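Below are structures written as structure tokens.
Note that subunit A is present in both complexes that follow, paired respectively with subunit B and with subunit C.
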Partner chain A sequence: MKRILQFIERVGWPRVIIAIFLLSLFIAAPFVRVRIDASISDTLVRFGMNGVMVLAMVPMIQAGCGLNFGLPLGIIAGLVGAVTSIEMGITGLAGILAAMVIAVPIATLLGLGYGILLNKVKGGEMMIATYVGFSSVAFMCIMWLMLPYKSPNMVWGYAGAGLRTTISVEGYWDRAISNVASFNFGEFFYCPTGMFLFFAFMCFLIWIFMHTKTGTAMTTVGSNPEYARSAGVDVDRMRIISVILSTVLGAIGIIVYQQSFGFIQLYMGPFYMAFPAVAAILIGGASVHKATILNVVIGTFLFQGILTMTPSVINSLIETDMSEVIRIIVSNGMILYALTRVVKVRS
Partner chain B sequence: MEALGPILKMEGIGKSYFGNRVLRNVNLSLGKGQILGLVGENGAGKSTLMNILFGMNVIHETGGYEGKILINNREIRFDSPFDALEAGVGMVHQEFSLIPGFTAAENIVLNRESTIYNILVESFGERMKTLNKAEMRQRAKSAIEKLNIELKDDTLVTEMPVGHKQFTEIAREIDKEHTQILVLDEPTAVLTESEADILLDSMKRLSGLGIAIIFISHRLQEIMEICDKIIVLRDGEVVEETIPAETSIKDIASHMVGRNIDSAFKRETEMIDNSFSDIILSVRDLWVDMPGETVRRASLDIHKGEIFGIGGLAGQGKLGIANGIMGMFPAGGKVIFENSPVTLNDPRSPLGMGLAAVFEDRRGVGLLLEEPISWNIIFTALQMQNKFLKPYLGGLVKVRDAKAITECTRYYIDALEIKCIGEDQEVKELSGGNQQKVCLAKAFATRPKLLFVAEPTRGIDVGAKRVVLETLKNYNKKYETTIVMISSELEELRSICDRIAIVNEGKIAGILPATSESTEFGMLMLGKVDNGSEGEKTS
Partner chain C sequence: MSRKIFTRDNVQHFLISNAVPIIFILLSAFAIPVSKFSGQYLVQEMLVRLSRDSFLVLSLLIPIMAGMGLNFGMVLGAMAGEIGLILITDWNIMGIQGMVLAMIISTPLAVILGWMCGSILNRAKGREMVTSFILGFFMNGVYQLVVLYGFGKVVPIRNPQLLLSRGFGIRNVTNLEGIRKCLDNFIPLNIGGVSIPVATFLVIALFCLFVLWFKNTKLGQDMRAVGQDMDVARSAGIEVEKTRVISIVISTVLACYGQIIFLQNIGTMNTYNSHEQAGMFAIAALLVGGASVAKATIPNVFVGVVLFHLMFVVSPMAGKYLIGQAQLGEYFRVFVSYGIIAIALALHAWKRYKDKERARRSLRGNA
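Entry: the complex of A and B
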């Protein structure tokens, strides 16, 4: 009993409770005629889709810039990369590579500006970040109409100009990463191996980065900026680097998401994208100033698992479609919980 | 007036914080209308004594005090400052507690306003009474009159000069009808000389009205001028009780700083004369804008290989010197290290040249509380000197070398006797003394040529103090590192330093060999220089 309690203490009550809840959903699924193999497959796919975007939280948290509510900024860079790649008509992995090559410099530039802005509002980063995300989405709503994209796959049919709200990547790079070494097991189970490998690779890169001199300095800046300054670290520069890194990861993350999802969602699509990522990392056990790769992996799995399973099981149970409502309650409830926990730590 | 019996009597007062004794068997008595001067170094126990008298929360939260306090021959034991106010004890603190947007009159009668009845009181109670502005102003005026000062009752606190704020605070205490005892904690520290004179006059008037005053000040001249009785505290004990006629400033100064030489910090080693070795650090006209520790035009030379002490009272700027040179606060002037200029306002420059510092604000600047000991120790060396990095992929990426870090940390844990469960323990779990050792290890790990150590023994117990001082001494000998130690404890400086500079009002008041008489240091600290060359006064 004591050892169990110790284990729970170490993992953290919230994670244990959520894991038990998720497990009970899997157990309940067959009884309400939800296929378990399809459910697991869905969970895995969603895990892979969202992983990199959750990873995008880590650098900023570590550098003390708070949660990256400005993730839509990175997502926009990713979207520009994606539509440009389609415009150029490149297919397969090369198309994704092209999208990323275009997206990363844009994300770097946007991240630089975003970082400089956040340095001016130390202490209130998260509020400002939220509005950076919102306003950039609104700005891009104009740009998607104005930018001179021509590909008939993407523009409004009747006007011949302006990008559509949803663009299919089919025929270009639909599941190009996911399908690398993927396999099916029966009719309903699909394992996107490539996506996992890619996610693992990104995690590894961040892990390495966090162990370099710059990464160490970044963590220290988040831990105690005064200490870092006294040891000769340029605090503002570290913060900017962290914001750039987070934004770039956001851009890469959305491309991974789209290739698996099959569609590019423009206009208001990125508007609420930051919240599931924030919720996931907090559920994973990160706080506002400390996050590890393990937090990302655990958090993404638990959060996406709940998000996949709750609606389908409960819908079948009560026989009405309220999946979206449940999704909103669950994800926002998690954010609320996690943010209140932070206040407690501070006081 | 003693014949009436003392109005306040404190008998055998003692107090310890967490096993650290700060007051021992303090006795004092104060008659009606008397002014008692209370003097002592920082940390001598003055504030603690006054906190006990005033029933401050910090006292009973830490286990109460020993001894008895009698007011008008009745034993009292205050549970909160409100009880003290009720019993007629008023206190004016060093920091102002005024409401900036209110007028002088409103501040003076705050929470004791004169009120008029109105109909709302019937349904909502006493708190709905209307303010009687005219009477409030009248009361404020009469309190100001008692002080005999120029202060308009309708001035906003924000628009007042510092001196007037101080007067407002005192007027507030006087307005309380039955104030018998008034404690003034360094009221003249923020005043100009002419304002201080007015305040001293007012104090005399108040004592004439029968109010007993306890006056705490570092300006001994003032103490000599107005007090009926002087008590000198040192290390929590009354070392001298006298009257001005029988003593002199010099006597008081020596009582304040002079400790028994056979105490904890006996000097064991011979003083080494480094005056022939090269000058390693030369500071000219340094100014530092550090809040509460402003440095104005400080100049000094430090020789290679010496242990140089910087002392002085709190707030005079001794801490500012190290912080300024290390680039932690805005600074200007000329600092030359080993014949090349140090760029001020950029911590990388002094660090890169081989300077290092252990700052006084251990928890704020010195440590990463939520990171393991190992990180705390190696971080500066890793950032500034690229130590503890292991190259991979032909030097393309350099990653932290966990093995080297562990080795280095273990070495320092052994060498400095850091008590912990391992090198991965978080620093916030360590005791103050061990945290201080971690700070030292951090500085040592960079192998500095010159090391600033600010208040290395503040808030740590005697055993740890000795280890810290020994470590510094040994390090100085072993690696010939020049050490500049900044401390408010003169005896500590005298026990390990070769030369000691005393800082007063942001300038170097003088530099003396550590073996000089403690009286001489005391005089420098109080800004009394016999040769009169430092005649100019800053206000």
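Entry: the complex of A and C
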């Protein structure tokens, strides 16, 4: 009993509750005639879709810049890349590669500016990041209307100008990454192997980076800026590198998301996208100051699992759609928990 | 050399402190002629919006005084007010009585929510704003749970017109015809074709007096002390935690009344969106008025409401005449409302950093 309590203490109550909740959903699924193989497949697909965006939280948290509520900034860079790639009419993996090649420099530039801004507002990063994200999404709403894209698959038919709110990637690079070495098992189970490989590859890159000299310096800045300064680390520079890295990962993340989802969502689409990613990494066991790649993997799986399972299971159980409410309460409750907990540990 | 740097620094200091209102005045000066609205129309609009929004914005003042920043948790109060309004609509109580009853019902709710919000913020000192912001989202989920699933099941609702067709849960739009403009038209006054909601302005004036009086009470002084420096206040024998909670409770209750006044003017309620917008617009308006996260005055409130809503009314038309797309102006104003909060918050954080440097330099004594 004592050891169980110790384990729970170490893992954290909310995480245990969420894991038990998810487990009970999986157990309950067959009894309410929800196909378990289809559910697991959906969970896996959504896990792969969102993984890279959750991974985008890691560098900034490690460098002490807090939770990256400014993720939409990176997402916007990814969207510009994706839209431009479609405009050029490149299909298949090459199309995705083109999207990424275009998106990464844009994300680097945006991340640089964003990083410089965050260096000027140390201590208030999270609130400002949130509103930088919001206002950049609103700014891009104007841009989507004005930018001179011409492809008839993307612009409004009657006006001939201005991008549509959702753009299908079908015929270009729909599931181009997911379908690499993917396989079906029975009628309902689909495993997007390529997407997992890509996610694993990105995790591996970040893991390597975190163990280089720069990565170690970055972690030092996050855990003790004064010590880092006295050890001769350029704190501001490290923070900027972390922000750029997060923004670039956000850009790549949204491209992975879109190729699996099948649509590019513009305008207000990316508005709230930071919150699920933040909630996921926190559910995985990260705090406002420390995050590991394991946190990303566990958190994304738990969070996306709940998002997939609640609509189907709870709906058939009580015949009302409560998934949206559960999603709001779980994700924001998790963020609240993390924000209030850190201070307790500190004091 | 040090003297030269100092003057440049002074100018910079002035511009940073007043940057947001200056940007807004310039933008309005440009956009009003372009939009081709008549002066009378704009005056009427501004009066309506002043009466509608001022109370909500004023509710933000007290937590700022207590050093807790912008109370994004005011949406909790707005939710409490909305629950009161749903109930009186169901009971079919009209006019001023209905409004007062809604206030009476929602007050205890707002007190409880405010107490909860304050206690949570006490556990997140130094990051009150982002915490109250997320708390707003979180409670929005709880509100949906209660109103969308509880109302009509746990809480009895008799009026079928309020409920969704499935028999429980409130519809997306609640019609508040019963109390529509009841306060605004309580004392009718019309000058040159511009109608003035006198009673609402009287309530707002009363509230301003309350804020002024409150600043000089013992509790108000305590709050300012806590806002200046928590440790000093604590060693002076002030119960810091309690004072902070009280400031949030007052703010939440006032936001609840503010939302009721706001909705009686509009006359319909977006059951699941009204409160979120209330929070965002109130905060943006206050910041536009030149308030910062650490200092806000009553003039800031009124200047802010006028400037912010001027932009709000004018920008879609300006966008239409300028580029030929009203949609563009619409996005522009969304961009402005979020951008202004981002700029104001960033400027505040930057200013705090600069002020620290200035203080350090003056200590050195070469100023």
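One rule holds for everything that comes next: the second predicted complex is superposed on the first by the 332 of 347 C-alpha atoms of A that agree within 3 Å, B and C clash if a C-alpha of one lies under 4 Å from a C-alpha of the other, contacts with A are read in each partner's own complex, and residues count from 1 in each chain.
FYI, a contact is a pair of C-beta atoms (placed from the backbone, for glycine too) under 8 Å apart; a residue touches a chain by one contact, two chains touch by 3 or more.
Just so we're clear, the structure is a prediction, and the values are computed from it rather than from any experiment.
Participant: Which partner, subunit B or subunit C, is in contact with more residues of subunit A?
Facilitator: It is C that touches the greater number of subunit A residues.
Participant: Examine A:122 and indicate which partner it touches, taking first as subunit B and second as subunit C; both and neither are also allowed.
Facilitator: Second partner only.
Participant: Which holds for A:333: it touches subunit B only (first), subunit C only (second), both, or neither?
Facilitator: Once the two structures are laid over each other on A, A:333 reaches subunit C alone.
Participant: Is A:216 contacted by the first partner subunit B, the second partner subunit C, both or neither?
Facilitator: After superposition on chain A, A:216 lies in contact with subunit B alone.
Participant: After lining up the shared chain so the two structures overlap, which partner does A:142 touch, if you call subunit B first and subunit C second: first, second, both or neither?
Facilitator: A:142: touches subunit C, not subunit B.
Participant: Just subunit B (first), just subunit C (second), both, or neither: which does A:187 touch?
Facilitator: neither
Participant: After lining up the shared chain so the two structures overlap, which partner does A:233 touch, if you call subunit B first and subunit C second: first, second, both or neither?
Facilitator: After superposition on chain A, A:233 lies in contact with subunit B alone.
Participant: Give every residue of subunit C touching subunit A within the complex, in rising order.
Facilitator: 120, 123-127, 129-131, 133-135, 137-138, 140-142, 144-145, 148-149, 166, 325, 327-328, 331-332, 334-335, 338-339, 341-342, 345-346, 348-350, 353
Participant: Using the touch definition up top, name the residues of subunit B that touch subunit A in the complex.
Facilitator: 326, 328, 347-348, 351-352, 357, 359, 361, 364-371, 375, 379-380, 382-384, 386, 389, 397-400
Participant: Which subunit A residues qualify as touching subunit C in the complex?
Facilitator: Subunit A residues touching subunit C: 69, 117, 120-124, 126-128, 130-132, 134-135, 138-139, 141-142, 145-146, 275, 320, 322, 324-325, 327-329, 332-333, 335-336, 339-340, 343-344.
Participant: Quick one: in the complex, what on subunit A touches subunit B?
Facilitator: Interface residues on the subunit A side: 208, 211-213, 216-217, 219-220, 223-224, 226-227, 229-234, 290.
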